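Structure first, commentary second.
Letters A, B and C mark the chains in the order given here, with residues in each chain numbered from 1 onward.
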Amino acid sequence: MAHQQIKFYQTGTFTVGNRLLDQQLRTVQATADRSNSLDSGHRACQGCGEALGARFAIDAAMRATDNQLIATNATGCLEVFTTPSPESAWRIPWIHSLFGNAASVATGVAAAMRVKGRSEVRVIAQGGDGGTTDIGFGCLSGMFERNDDVLYICYDNQAYMNTGVQRSSATPGAARTATTQPIGDQPGADFGQGKNVPLIAMAHDIPYVATASVHDLHDLEAKIIKAMALHGSRYVQIFVPCPLGWGAHPQDTIKIARMAVECGLYPLFEAEHGEITNATKIRSRVDVTEYLKIQRRFAHVFKNPDQLAKIQAIADANIQRFELLSTVGNGQ
Amino acid sequence: MLKQIEGSRAVAEAVALCRPEVICAYPITPQTHIVEDLGVRVKSGRLQPCEFINVESEFAALSVAIGSAAAGARSYTATASQGLLYMAEAVYNASGLGLPIVMTVGNRAIGAPINIWNDQTDSMSMRDAGWIQLYAESNQEAVDLHIQAFRIAEAISLPVMVCMDGFILTHAYERVDVPNQEQTDKFLPAFEPRQVLDPAAPKSIGAMVGPEAFTEVRYLAHHKQMQALSFIPEIAEEFKAVFGREAGGLVATYAIDDAETVVVTLGSVIGTMQEVIDDMRSEGLRIGAVSIRAFRPFPLAALQPTLENAKRVVVFEKCLAVGLGGILASNVRMALRGRAMPVYSVIGGLGGRPITQSSLRRLFTKASNDDLEGLHFLDLNKDVVNRALEREESIRRSGSIAENILRDIGLVAAAKTT
Amino acid sequence: MKTPFAITLDVGSSLLNKTGSWRNERPVYLDRLPPCNHACPAGENIQQWLYYAEEGDYNRAWQEIMRNNPLPAIMGRACYHPCESSCNRAQLDSAINIHAVERFLGDQAIREGWRIEITQAATGKKALVVGAGPSGLAAAYHLALAGHQVTIHEAGPLAGGMMRFGIPKYRLPRDIVEAEIQRILDLGVDMQLNTRVNDIPAVMNEGGYDACFVAIGAHLAKRVNIPTPDAGRILDAVSVLRGMETDAEPPRLGRRVVVYGGGNTAVDVARTAKRLGADEAVIVYRRTREQMPAHDFEIDEALEEGVVVNWLRTITAADEESFTIEKMELDDDGWPQPTGEFETIKADTLVLALGQNVDTSILENLPGVTIDRSGVVEVGPDMMTGYRGVFAGGDMVPAERTITVAVGHGKKAARHIDAYLRGKTYTAPPKHELAGFDLLNSWYYSDAEQTVQPMLDEIRRQTTFEEVLGGLDETNALFEARRCLSCGNCFECDNCYGVCPDNAITKLGPGKRFEFKYDYCKGCGLCVAECPCGAIKMIAEEI
């Protein structure tokens, strides 16, 4: 009698936890005693991807640093919805200074910890894409080139949400924002503009750069934990859909993120010292339409085949560039 | 210890004596020598423990200091002119958060037209930013004020700007009595922050405050500065006790007891004025001067008695509120509410224009005769101004006023030929 | 520490802000009915026993099966597993190999000698079960567990019914059948073999029985009239298969055997003939393969073993050594119609496998009992016949004739008989709403193909009666159990707890699942969208 050989997988690898998994294989979010760094009562919209991404990331960092963590925060939704006086939703030492200086403030905190010999205390700076890729970019770049011992986390929701959904340099082509309206020959945001800050970060030759998404918690936490194991400047950019700004249903926040990654538009990768070391493979590839059709900011694209083709081409190029498709089957 | 030393180096030495833990450096003339000197001290190991950080802008410089101060480290930076404006947002933020940062401003003009020389438009632009502003008369005082500044900042948890005239003080070699470490340590205890970022006792710093409490927050900021009005002189007294030298405080007076004409000013120009006053007094003119050492909080109460017996006040300042006149003058007028006397506002020394004794003598003479317009520009070249105005009327040429004036006085042509 | 007013805040002070007031809809946890459970004729809670098996708690998994089905080792082999046909996982890759896990658990129970304890107090009531097939055995088992004293009267010499006489041993080894029957008898059930019941009221009266469950099956072979000079060459499938069990010698079928029919029994007979040494075993069926009632996998296995099938043929006549066969063709409605074209096939024996009828004589004389036109006994929703106190089930009542349906009948009847004996009425608990595939978020399930059971090689399959399909070993069974999607039932994956942007879920600890903090839940619905198994739904808030 011959047994047919099959691959051994276990259900639940992609869920947050699962009672069948070893404790070490479960996410930080699966633990009853997670730090809940960003706690209930905050004023984020229903289904806010940024609120979710922030708790995912900071809780993981708290675990990685044995709760010895200080965070600085750029102005933006995350700041506004967590700390409207007199209530704070944070459970960590946290400071908000300005829109454009979260990286520098973090540099200062890290310097203070170093000068005081408190090497166990680690520092995170965080902000939205506007506060990171635009107004905070000078400070961020400075922090990178000095290799200051800070992890900068950008919660990327691809526009200025706090001010009412205006275009940022992270807004993708065709996307509708308040300042890139879906009118004229080329509705929505222009193609061929915007910055890829992860790649720019890599050009600073810093120890670690990664992109992550709220839909893949295991991947996200692994990247945060890895980042916290390193010293020097590190950059993690987390894809956090914004139901309000993107015209999506609050319950679809994670689905949108999943589709963004699975269609190739948002490649998840890691780079060390300027070299890409890993790309998270697409588990089951979908057309960009699967991603676009659940967001009203792209509604006009479906009347404009040219734009749709451009977006698909971007996804295809990403898939090729970052080698996002697995050569042997799909999986983990 | 007495040293013949450049002002910037003396200040650097004073800052070093205060054991700063984080220093952020971004170059801008004329404050560069201060941070250069501090950089050497840190790198050589003479100033330890201290983090010296070369940042990418003034905005970052103060932002780093905000972070380090919030994390409980004694933090220092220096800037001037455009740099101060570039960090303006952070200037307000540092005071709003109540962070006891000490910053030197090497006073310099603000462009356009770009100008690297001294006036006080830069620090005056930040007068309402919530910082305590101290103005140094001399390099000795600059040294002493820095030591006091850390003490004041940390005691009341507000940032302090020590303003010293660019080049005139920063680049001048003078004899300075530089305190020793023992004295300084005695005067300045270790920094005990009022609030600190610490995993052991987490706090959320920098909340958004809405209409329901914003007025109260602002009132409390004002109240804090009002408290500083009594605290600053106390610190000065303490300083005198430890160092045996008078420095700081709210205002300083010179020959005002019987003065009919009192000049009120800020910063280093008082030195020149004292010499002119001495001369004119020897000729029988009853003239004196008051030097504002703490411009914020503005010492209304301390100023009033100094002007009690004056028949006229001449406010002399190196900055201009364009469209209004003197900034210091406006403030001084508040101290003279209800007093019927002439207050002359004089603007001088802009962009490094020398303030000569003869000009001052002419000015004081005219003032004493009440022969002065309400707003007077010292040594204004009226020919140039008039030509420019005439041209404006006829051509309405666009472009900067400065370029046209330079063309008038032949500098543009000269520059083109060289 | 004296901190600045309004600007510096205490951590976690946002808990004062009850964001639950934003909500229009609230999420609620619920258990939905997994399609496997829904499809199981025996009413097994498959998802639940797989859940225990996933944890490696095989005993608890087995105990869970035993709540509904006393014959897991048999059912794991002989059930046609409608559960797998409806399994949601089939839409991802392939269905869970449920029967194989059940078989593993059943075999494990036999190996380990696991027992079921009677926890109900003895009622003093007596129940008579007529027929020791799957239905009767199941009823006896459940009645015994309920505290009643049970006696089974079986007309034949061996217990098991169609499990023994209908299913060849290469599919269902007899030691397995005996072990599972014995375990029921060990509960104190009295088995009277070779005891035919003719007059139920008399036997009940005589034995002092308070209720009776009749499940004598359908054993009368259907026949067709085929003109033949030698009737001895035409056998029926029931007798052939029964002969395999009861006779000293296996039936003599000859070198060339033709089986007439298209059901599983026809296939079983053909495969049996092969194993008895027939060179040729040919199935003749009047319709097409697609229309054959026999299960696909059985036909495949038979073909692999060398059985030949002639589709679209009828047998019209027989002579000394051959049979005349007429070709058929399907009409527009899909019915076979004669073509007038004939061929002959040489054969030693023709076995008719055309279905069975019920011997209803046992009930015919009971007042109130109705036999319907197709010759089966009518029962009410409580499985009671028209005669009070007499219940019936299995192949003799209108239903699909499978041992799983029979076991289900036995259980259902036992529930009602128990209630009847206690003077009560049994009401089945309401069924949960179905957990359809569209309610799942399958992204979270990692890819895993179905574990294939090892198969006996073909040569041995043609010559011996060894079991064709092997069992899963523990690793495979565990793996297979873990492929379960847990449709509609929380398996504590922590997704809801993890994906809530508002921390509005409390994790209660292993086995205790989760709880919503409605003070903070904003009603975004992410937990519902990201629950892999569809165990949460949104309901409107009352405003």
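Note that in this section contacts are C-beta pairs under 8 Å (C-beta built on N, C-alpha and C of every residue); 3 or more make two chains touch, one makes a residue touch a chain.
Computed from a predicted model, the values in this text were never measured in an experiment.
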{"item": "Contact graph of the chains (line, ring, star, complete, other)", "value": "complete"}
{"item": "Between A-B and B-C, the pair with more C-beta contacts", "value": "A-B"}
{"item": "Whole-Å gap separating subunit A and subunit C, where each centre is the average of the chain's CA atoms", "value": "49"}
{"item": "Subunit B and subunit C: spacing of chain centres that average the CA atoms, whole Å", "value": "92"}
{"item": "Separation of subunit A from subunit B, taking each centre as the mean of its C-alpha atoms, in whole Å", "value": "44"}
{"item": "In subunit C, residues with contacts to at least two other chains", "value": "6-7, 9-11"}
{"item": "For subunit A, residues that touch 2 or more chains besides their own", "value": "82-83, 85-86, 88, 90-92, 94"}
{"item": "Of all residues in subunit B, the ones touching two or more other chains", "value": "97, 201-207, 209, 213"}
{"item": "Parts of subunit C lying in touch with subunit A, wherever the complex brings them together", "value": "6-7, 9-19, 22, 54-55, 443-449, 451-452, 454-457, 470, 476, 479, 482-485, 491-495, 497-504, 507, 509-510, 517, 519-520, 522-526, 528-530, 532"}
{"item": "Partner subunit B, residues of subunit A touching it in the complex", "value": "67-70, 72-73, 79-80, 82-86, 88, 90-98, 100-101, 104-117, 121, 138-139, 141-142, 145-146"}
{"item": "Subunit B partner contacts - residues on subunit C that touch it in the complex", "value": "1-11"}
{"item": "Sites on subunit B touched by subunit A in the complex", "value": "21-22, 24, 49-51, 53-57, 59-60, 63-73, 75, 89-90, 93, 97, 197-199, 201-210, 213"}
{"item": "Residues of subunit B defined as touching subunit C within the complex", "value": "96-98, 157, 194-196, 201-207, 209, 213, 216-217, 220"}
